[in-house]
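Note that the chains are named A, B, C and D in the order they appear, and that numbering of residues resets to 1 at the start of each chain.
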Amino acid sequence: MASNTFGQVFRVTTWGESHGKALGVVIDGCPVGVLINETLINEELLWRAPGKRLYTSPRKEPDQVEILSGVFEGQSTGAPISLIIWNRDVQSQSYQAIQDLLRPGHAQYTYLKKYGHFDPRGGGRASARETVCRVAAGAIAKKILSDINVHVVAYLTGVGEVQSKSLLSDAIAKGPAWQMQVRQSEIFCPDEQVTHQMRAALQQAEAGQDSLGGLIEAIAFNVPVGWGEPVYEKLEANLAKAMLSIPASKGFEIGSGFSAAMMKGSQHNDLFVKDKENIQFKTNHAGGTLGGISNGQPIVIRVPFKPTSSIGKEQVTLNQAGDEKVLKWSADARHDPCLAIRAVPVVEAMFALVLVDAWLMNQITCYNKELN
Amino acid sequence: MASNTFGQVFRVTTWGESHGKALGVVIDGCPVGVLINETLINEELLWRAPGKRLYTSPRKEPDQVEILSGVFEGQSTGAPISLIIWNRDVQSQSYQAIQDLLRPGHAQYTYLKKYGHFDPRGGGRASARETVCRVAAGAIAKKILSDINVHVVAYLTGVGEVQSKSLLSDAIAKGPAWQMQVRQSEIFCPDEQVTHQMRAALQQAEAGQDSLGGLIEAIAFNVPVGWGEPVYEKLEANLAKAMLSIPASKGFEIGSGFSAAMMKGSQHNDLFVKDKENIQFKTNHAGGTLGGISNGQPIVIRVPFKPTSSIGKEQVTLNQAGDEKVLKWSADARHDPCLAIRAVPVVEAMFALVLVDAWLMNQITCYNKELN
Amino acid sequence: MASNTFGQVFRVTTWGESHGKALGVVIDGCPVGVLINETLINEELLWRAPGKRLYTSPRKEPDQVEILSGVFEGQSTGAPISLIIWNRDVQSQSYQAIQDLLRPGHAQYTYLKKYGHFDPRGGGRASARETVCRVAAGAIAKKILSDINVHVVAYLTGVGEVQSKSLLSDAIAKGPAWQMQVRQSEIFCPDEQVTHQMRAALQQAEAGQDSLGGLIEAIAFNVPVGWGEPVYEKLEANLAKAMLSIPASKGFEIGSGFSAAMMKGSQHNDLFVKDKENIQFKTNHAGGTLGGISNGQPIVIRVPFKPTSSIGKEQVTLNQAGDEKVLKWSADARHDPCLAIRAVPVVEAMFALVLVDAWLMNQITCYNKELN
Amino acid sequence: MASNTFGQVFRVTTWGESHGKALGVVIDGCPVGVLINETLINEELLWRAPGKRLYTSPRKEPDQVEILSGVFEGQSTGAPISLIIWNRDVQSQSYQAIQDLLRPGHAQYTYLKKYGHFDPRGGGRASARETVCRVAAGAIAKKILSDINVHVVAYLTGVGEVQSKSLLSDAIAKGPAWQMQVRQSEIFCPDEQVTHQMRAALQQAEAGQDSLGGLIEAIAFNVPVGWGEPVYEKLEANLAKAMLSIPASKGFEIGSGFSAAMMKGSQHNDLFVKDKENIQFKTNHAGGTLGGISNGQPIVIRVPFKPTSSIGKEQVTLNQAGDEKVLKWSADARHDPCLAIRAVPVVEAMFALVLVDAWLMNQITCYNKELN
């Protein structure tokens, strides 16, 4: 049950509606002594902030986190950490005119059928607004990882038909510093030229009152061997779950991903080689795990996002009674032309949550020195 | 924790090693009164059986399940159902010569590092042999689903470079009967002509002592609206986790999947239409869920599998001490040229497990008539 | 893990420290359509309020809950319900003088050893202040139960050496209305004469700068047959866990409890009798469950509480360095002479949480009409 | 859900009916490298064996465990450990004559109502036979504890009206060696004289075709400070749940237990004292925990058991249709005159399971040296 909780040891529970008083997250299982403050979290929230960057929803609230518990004199205490983000810029009027209409691509229809009602003020729990809590919790997870020298970087490699060439070897070469290059782009695309093409595509979509899908790639650097558990708690299984839990995501791949289906074993196998005194791999088709457990290589994943469902264009739909109607969002409704842009920090946050959980679990499941 | 358990309400716990005495599965949370017998389960095991079909490992054991508990006079009692499958045809000699060598593409290296040892007799828990338990539990899940008229069908759409055209509209047209057409193909490919091409590709790979990847598509028919939970227990999130927990799988997509990244909102949105008195959808880019909850459309997913890691060809590798060695499997080692073939019933089983779990959960979370 | 969460389906997660900004609780899994408002919860908080009633800590904050999510237009929506209670009357000065001393009977020593620190401002998560969240969540659980005509009543039967005669038959005769009689007593003791004796004992303890233990009995009325799950999730097992999770509780019994050890089978067995057309029991030594499942009889439990650890009297103790010191609380330190009084609404709340969880689970595990 | 699983990290799942083919247990989360073999487990099973000791059911099967997985060359591998115990001496005839009658004190009535059926062959999952699996899993838990020098000992202190004086100071003085003294008594009572009185009481009960309740005390020696988690996963909360999950148990107390309700704070507080260089406690009213976390003192608990429900004496009852009938067990029906005797090793096993779980959890939750 517990559909609003993620993780087994580092457990994150989120609450709050897009148009309610506030949203928040409770983190249970954070280790003692992590240096945490509101600035650290607010900086991450800025990267996700609608309005801050081009081509994301002009909703303007300056998201500010307040730490309510679990941190004392700047350090985590082992008690649950409660974070709250007040909703300051809530406009639900834009929803009123269309309240009775079934919105294509939205969760409204399924919520209505399951629960017998749907929050008329906005997307409720189905809104991407919930991801602000993921990014807040992710900021803490990323802080923990950086304390043990693990770093996660996500970036945009595709917007609609504009798809970059593989940026993977550049990223691997740069290591954690790749993050800086990514964040120099206002749309998180580390390739300057492709960024320009993406902007053009986004402008064209907006002009046509339409939206575009996008593709995100993410890498975890310096994950040691041994994270992830066999059989049902494989690292990639939990990553896949994490990514498909993000609104609008439609898939997941690790390493070679879907292209693996077209390869031969002799091509795909990552051969072992000796690098000085260390065992290394010649290639990384695996994408950083073997048998569900990290193998010491960079962990590489990709996640596609569908185009934003709310578009300016008129759409023929039904009302709740089943009568045909035309759906037309009001001009001041606030929607991203490409959700994938704002999803970049969310992918990074969820990646970090999965890794911290796996790290903590491995402390119990790996070879136990006390016993042996 | 509990890395050998899958599901929250319909909980499946598997145990056993590829070269141990037996494997088994305990199902906790099966509803009372389901008609279950060993024949029902054995029939499913046959479909997964290595040796039965072409181009799968010639390991010959006739897998037979024994029901040890939880079923009385042919009906489930509500008590945990314990199933056991004895290992009858275990040959671990083929592993002895290569015992000290790091096998490319295998979990052996990561297990060694995490646990300090690796089962020298075979793949242990990392072996695909574990999936026999998933298929056994899946047989019960499929029985439950069929009692409420829900059906899951998986099939092979690609082997190496041979990729079928989209079979989706054919499948949707046929409905649950599609299963019969799939199982007429010895490699689970419902397109006869493509089956021939696949067989040729497989023969060529075998001749070259190599292996091939493969792509599986799966559909759930007649899932009613409302299954799946918001936020972190979205139906697609649990499907993704289920699929990435299968050995050798490298990805997951639902509906439009990765192609969504290249689409426009006006293309991707599935418009509502009225079909007689029912609300329907014009298209199914969503793949059967909205906001993580089933929307009444067929649920369509795709899963790529990497080529079998164990190949006849010589591979240069290291031994555990880090010295360079040549790995050459003995001729009698038993490996599938294309793991994806045998993975078809496993995908079907995991799909069914996720659906039964979602169905049971929805009994609690949906609008409660007793209260309202 | 998740040591701050209680329940499996109706999941309650609490956060906040005794001397922090606020405390709160997130309820995940509340059914849709329950009528909930702040007044309903605040009324329950009043019953637990320190300062309101005699002989409980003079800490004066008027606890007021704020509903932050999960309720729309007075009804639960199925989304997580977030409740917050701000700490308004926090005095941590009284702790400063004794900050370095090990307090007998407190969790401070074990927290120090486990976490390497202890909140110098007060009891942190170990404080009984955390129970305000349990009472808030319990108010919602009790509302749900009352909607299906189930009622829980707890009351005080002993304070130090003053122990009432058995009030059970009076309680059973009154049914849910027993609650009113209980709450007429400022110390939750429904026997007026015993209340007077208890007050005298409490005055004497206070005069001696000492504290007293107490005994609570609680009854659930009208629980239908079938709640609770076999083996490890027996109703009494979860009740026992719930009660021993309350600070200062030292035990649990159901029905005959410890006296069962001294009985014969022919005495203890509750014989079946026919009452009109219904199957009933002649006695209720079982206390309302058989095999961990409710049997339709009143569920009767008892929970002892130790005397408050913080007393006015001087105590010889050690400081953290291990040197002998005298511990003397400042006169303005706020402590209850008898914690058990304030624990009455907490026992009631936890009882209700266990029952709602069992009710929801039973909706899945009982004989399934859809399948059979 | 998962009502057949106990524990969070060291997870024990049991299956099997009293009159089915076999019973078994799967242990998921056992650390790597524990020395485990069948002899070790069988020895524990012997202590619980009915027929072996006086005054326990004459059911004669020699319970023998078979390890099916998770152990290789005498050591745990980190994979799930599957244990099976075949039912060899199943007599279900004695149940046939009374099949239709409601048995007082049994779970049969509640199972019938919840599930719509009851296993006519015997107690099914409600039978105390299930505890054989707990003892088998407990044998492994005790082995792990003994590797880190922690020892659990349970013993009988009361049978019916025969109650021993407190044996606690003797037990504490002896330490883990107390186990030997306990097991010299065929009924697990370490006081020779009381053992004689108990035997007399048992003979008298048997002569009267009746049964007796009993009281068990158990101690864990050498548990270090820090095990147990705050708030809802307190060590005593999980111990209480464990104990109340044992069939026929009616209560739980830790340390001062119910007598705490009658004490003053100045009596109950365990004062800190310096013993050489260590911080110690003058008394142990707490019973070994503070705030739910072990404090380094012996952990002392007590559990009462009701008298066996099945007695030779005739009892007036109803059949399932509600007609009055006389229930008379056949002479060869096999029932213990005092269930508490056989419950001694079960209490010990459950105690050990809770402790191993707490030990493993504390490895994650305690002050993390890697981070700090």
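In this section, a residue touches a chain if its C-beta (ideal position, glycine included) is under 8 Å from a C-beta of that chain, and two chains touch if they have at least 3 such contacts.
None of the values given here were measured: they were computed from a predicted structure.
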For the chain pairs B-C and A-B, which is connected through the larger number of C-beta pairs in contact?
-> A-B
Taking each chain's centre as the mean of its CA atoms, which one is farthest from the centre of chain D?
-> A
Would you kindly tell me how far, in whole Å, the mean C-alpha position of chain D lies from that of chain B?
-> 40
Computed distance of Cα centres, chain B from chain A, in Å | 26
Whole-Å gap separating chain B and chain C, where each centre is the average of the chain's CA atoms | 46
Contacts with 2+ other chains: residues of chain A | 1-5, 8-9, 14, 29, 32-33, 78-79, 114-116, 125, 230, 361, 364-367, 372
Pairwise touch network: line, ring, star, complete, or other | complete
Complex interface listing, chain C residues touching chain D | 1-6, 8-9, 14, 102, 104-111, 113-116, 125-126, 130, 158, 160-161, 163, 205, 210-215, 225-226, 229-234, 236-245, 247, 250-274, 277, 279, 285-287, 289-295, 302, 304-311, 313, 315-318, 322, 324, 340, 361-362, 364-367, 372
What part of chain D is in contact with chain B in the complex they form?
-> 1-5, 8-9, 11, 13-17, 20-24, 26, 28-29, 32-33, 66, 68-70, 72, 77-82, 84, 114-117, 119, 124-125
Contacts from chain A onto chain D in the complex sit at residues 1, 9, 29, 31-34, 78-79, 144, 147-148, 230, 360-361, 363-368, 370-372
